[in-house]
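Consider the two complexes below, in which subunit A is the common component and subunit B and subunit C are the respective partners.
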Partner chain A sequence: MPVSTTPQGLPIWRRRTTRTQWLQYLAWLAGVSLFLLCWKMISDNTMWVFVEDAGRQGADLISRMTPPEWGYASQLWKPMWDTINIATLGTALGIMMAFPVAFLAARNTTPHPLIRSAALVIIVSSRSINSLIWAMLLVTILGPGVLAGIIAIALRSIGFVGKLLYEAIEEIHPTPVEAISATGASHMQVMSYGVLPQVMPAFAGISVYRWDINIRESTVLGLVGAGGIGLQLNASINTLAWDQVSVIFIMIFATVLVSEWVSAKVRHAII
Partner chain B sequence: MLTLSGVDKRYPTGDRALTNIDLTLPKGQVMALIGPSGAGKSTLIRCVNRLVEPTQGSIRLEDTELTKLSGHRLRHTRRSMGMIFQEYALVDRLTVMENVLSGQLGYVGFWRSFLRRYPQEAVVEAFRLLERVGLTHALDKRADALSGGQRQRVGIARALLQSPKLLLVDEPTASLDPKTSRQIMRLIRELCAERELGAIINIHDVALAQQFADRIVGLRTGEIVFDGPPSELTNEILTTIYGEEDWDTTPEPADGADADTETEADETHRRQPRAAREQRPLASVAGGGAR
Partner chain C sequence: MSEQIDALPARQQAAQRGQWRRLPLIDSQRMRWGLAIGAVVYLVLALASVEVDWQRVAEGAGRALNFLGAFMRPDFVSRYDDIVTGLLESLTMTLTSTVLGVLLAIPVGLGAARNISPLPMYFICRAIIAVSRTFQEVIIAILFVVMFGFGPFAGMITLAFATIGFMAKLLAEDVEDLDWRQVEAVRATGASWWQTMNHAIQPQVMPRLIGLSMYRLDINFRESSVIGIVGAGGIGATLNTSLSRYEYDTSAAILLIIIAIVLLCEYSSSHVRRWTQ
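Right, the complex of A and B next:
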């Protein structure tokens, strides 16, 4: 915020000094150059022969996918139901584990900085691994099936719910907590009266949002053998039965649409 | 009843909030603590119930040394010190009744409080207090649905449900309009008289302090610079507490004569038999409103 004076003695104010202004120009120049460099590298590594062909290939795929083989839908209800169960039970399990972890990870509720670090490690390791990878690991350990899917979804959800919830806990108003402590309440009572009511809307919103995401994620878990509609998808793609694939796509689309609607309703009701 | 001797508070940043505070509060006395922002008023009352840890010195409530307590015994002692806050510090998403009952948290176990199964006597007392502060009609409302004055009354009821011996009151009127401020101060004053509670009230409004307190203590940069009855609070003393200012032109909420009659009316009111007063719990508040 440089201030200088004109020869006439009037004060001049500018937002940046000349130096910071030039630094900003330089930063923009570096950013744009990097973007162009990346663009060129991607272009060099692409086989443009295939890309030129893309329109025809796409049209071909669509023609194989239509009309959808509607009769196949009757075999899909059971795997679809499995998928929804994986998502719902996995979310419930994940929330149950994430809830205490979030309280241990929040700066204002953690009993000790060391415990906080441990809780943060749990959250980060859960978040850094995609649920598809969790499922691959668990299928190796537990064998293929719905159980591996449920646990994969739960493990991935701990990090997501835990992180958002502990951020919500750190943002609460401190004065009600102070007031509850001043009544002589125990540590647990301070949590349940001072903290919990304040984070309840966030907690409910986060949980429903994660359930909504999990419905989408659980549709692909079958690709690695963790149960649900992904198994059928994998089978149909392997046998080049594209008219069946399109039926599966439509069902997944419809389910996700319904889950979006449900979660929007629930969130609206809570907040 | 409450004795502070040689209390020091230095924050980790190096700021000295309190220096060698010696203060004795007899039973049933209402003491106003005045002083400029940052003088250490809030720190002082928070040192008493240990929301802030004093660095040095001793604080005794009756026979208990407060500075040495920890864990269970600290919580046990906090029950006898009710606290009332500037921004009310209610839990917004809980109902008025839940907020009032949270004053009992020091007396009931975790699961009883979590399931909201409070002892019958506590519930009866909560109803009585809500009636006393004039909020029976609102007991099922959420705390954030109330107006400022109503919220402060919930805060007062919560503090009293602790059956305290002492009230620690932090700027009770700073967020309220002048009329509500007087009503709230009068209510606190009356409740202290009814229950023989000692009170330390931090307050910015010198006129209110003079009108409602038995004793005024002036704090400046963490040191006591005045301690005496409201009548001794002269312009020179205000200058020692707050710094140079033309005190006579400060607009006061009521002119001299009016304030006198007010105090007199208030005195007569307080001298009425207790039963008569309880029959019309908010008569005085309504009276204050009509004025």
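Right, the complex of A and C next:
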């Protein structure tokens, strides 16, 4: 009980014992020193002249970006359509691949522990590599274009959907599964009538959520040549046409807001 | 008997006659067919607009094999210095940006919680969150690189900015559904605003806040590996260079390092979360 006594012998309530208090001070000390060390390394690698200039540069940037060149928007519909296609087709492809992987990775549906670890390795490596890196690799392999973007999004989605789905499968209620296996159902029938109905809402929710994230990610894939509105963004930035860049930003902002709204609606309807 | 059956809903009547079908995921039939037809129409339109240069793809197959081969024998040595510099930059960027981002996210998050903040404050904070969440980190990085110059400083600011949106949104949601009785109890003792925050709200949201910060640390590391592509420092720049030089063995080594660090982060963060909860 964290209580200390006054010189008069009266007990006073304290939040922590002396030991935890000291441990906490030490933890804070270590954390703050680590932070300062990192800060020092970054500041050594920084040209502070440029940073002091940031306010002026920012103001300059804003003055170049306004007013947006609205006429440019008419050229952006096709890239925007490509962007949405990359996200949607990529998500569809990704969830198709993630679905079996998740069943192999869940502890209660996996055929063998070895297969489970293999599935977990697939999930982790897909999750740890950003879709932009996948896109860079695929552009060198497949050449620039929408196809590289679609596959990049799909490969990144496997990990995300797979992880959330296998966690959902592990949390299912065992009773329906037992009831169905008690009727003499085969392994596949148990999956289809006992497990699948329980995880289907979660699966639909996760897929829509990932689609929403993918819309956001596919807007930048063009920077490395994988199609979509990022190509236009890259071109406008390289030619310093900041008034076109602001039109692109506004379009991205609107698209992402709409996709977020759609995904929130759908998830709300499912759950 | 037949009267009893007639009284049941149509689905159960059919089931009594032995025609059982499983419940559909979407209740209304019109909605189901509408969605299916819509999906097919979209797929046809979308697939028609995707142009694929199959010849180029076939050419790429050889490179894909090269790349897979490189994964079998990653080369950590020949660009050792570049890799270490890039990695240190990424790691320092990750840590400082997470700390700064979380510190800044706490006031924004409290301001964006409807139950403890006044309406004008609520709208301002929600606007900050919306802007920070909509744009991908790379886009924000482009702007900050223009403002702050090349290097890890721009990257750090970018990640901190993205962290604010993420953390503040989740923190606000957490504060919005906290147990109000504890706040009332602390207020009833005559506590000031700071004391209410410190003794009623903070203990309720702290475990999740720590867990989320660890999660964000993990995300920030992953993001720090890509914002280098637009010049914001970190391992991304090294990776990009090695790919454009076709040094696949070095890129494979970098990717393996990234995967290993993410795994380590995830493993330790799950430990920290278990320990705080």
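One rule holds in what follows: the second predicted complex is superposed on the first by the 222 of 271 C-alpha atoms of A that agree within 3 Å, B and C clash if a C-alpha of one lies under 4 Å from a C-alpha of the other, contacts with A are read in each partner's own complex, and residues count from 1 in each chain.
Keep this in mind: contacts are C-beta pairs under 8 Å (C-beta built on N, C-alpha and C of every residue); 3 or more make two chains touch, one makes a residue touch a chain.
Source: prediction; values computed, not measured.
**Q** By the touch definition at the top of the document, which applies to A:176: first (subunit B), second (subunit C), both, or neither?
**A** So A:176 only meets subunit B here.
**Q** Looking at subunit A, does subunit B or subunit C touch a larger number of its residues?
**A** Between subunit B and subunit C, the winner on subunit A residue contacts is C.
**Q** In the overlay, answer first, second, both or neither for which of subunit B and subunit C A:152 touches.
**A** neither
**Q** So in the superposed three-chain picture, is A:186 touching just subunit B, just subunit C, both, or none of them (first/second/both/neither)?
**A** Only subunit B is touched by A:186; subunit C is not.
**Q** Once chain A of both complexes is superposed, is A:81 in touch with subunit B (first), subunit C (second), both, or neither?
**A** A:81: touches subunit C, not subunit B.
**Q** Tell me which partner A:198 touches in the superposition: subunit B (first), subunit C (second), both or neither.
**A** first
**Q** Is A:105 in contact with subunit B, with subunit C, with both, or with neither (first, second, both, neither)?
**A** Neither partner.
**Q** Residues on subunit A in contact with subunit B in one complex and with subunit C in the other?
**A** 193, 197, 200-201
**Q** Could you list, by residue number, the parts of subunit A that touch subunit C in their complex?
**A** 34-35, 38-39, 41-43, 45-47, 50-51, 53-54, 57-58, 61, 81-82, 85, 88-89, 124-125, 127-130, 132-133, 136-137, 140-143, 145-147, 150, 193, 197, 200-201, 204, 216-217, 219-220, 223-224, 233, 237, 249, 252-253, 256-257, 260
**Q** Looking at the complex, which residues from subunit B come into contact with subunit A?
**A** 49, 51, 75-79, 81-83, 85, 87, 89-94, 102-107, 110, 113-114, 155, 158, 162, 168
**Q** Note which residues of subunit C are touching subunit A in the complex, please.
**A** Residues 22-23, 25, 42, 46-47, 49-53, 56-57, 59-60, 63-64, 67, 88-89, 91-93, 95-96, 99, 130, 134-136, 138-139, 142-143, 146-149, 151-153, 156, 222-223, 225-226, 229-230, 233, 236, 239-240, 243, 246, 251, 255, 258-259, 262-263, 266 of subunit C touch subunit A in their complex.
**Q** For the complex, which residues does subunit A have touching subunit B?
**A** So the residues of subunit A in touch with subunit B come to 175-176, 178-186, 188-189, 192-194, 197-198, 200-201.
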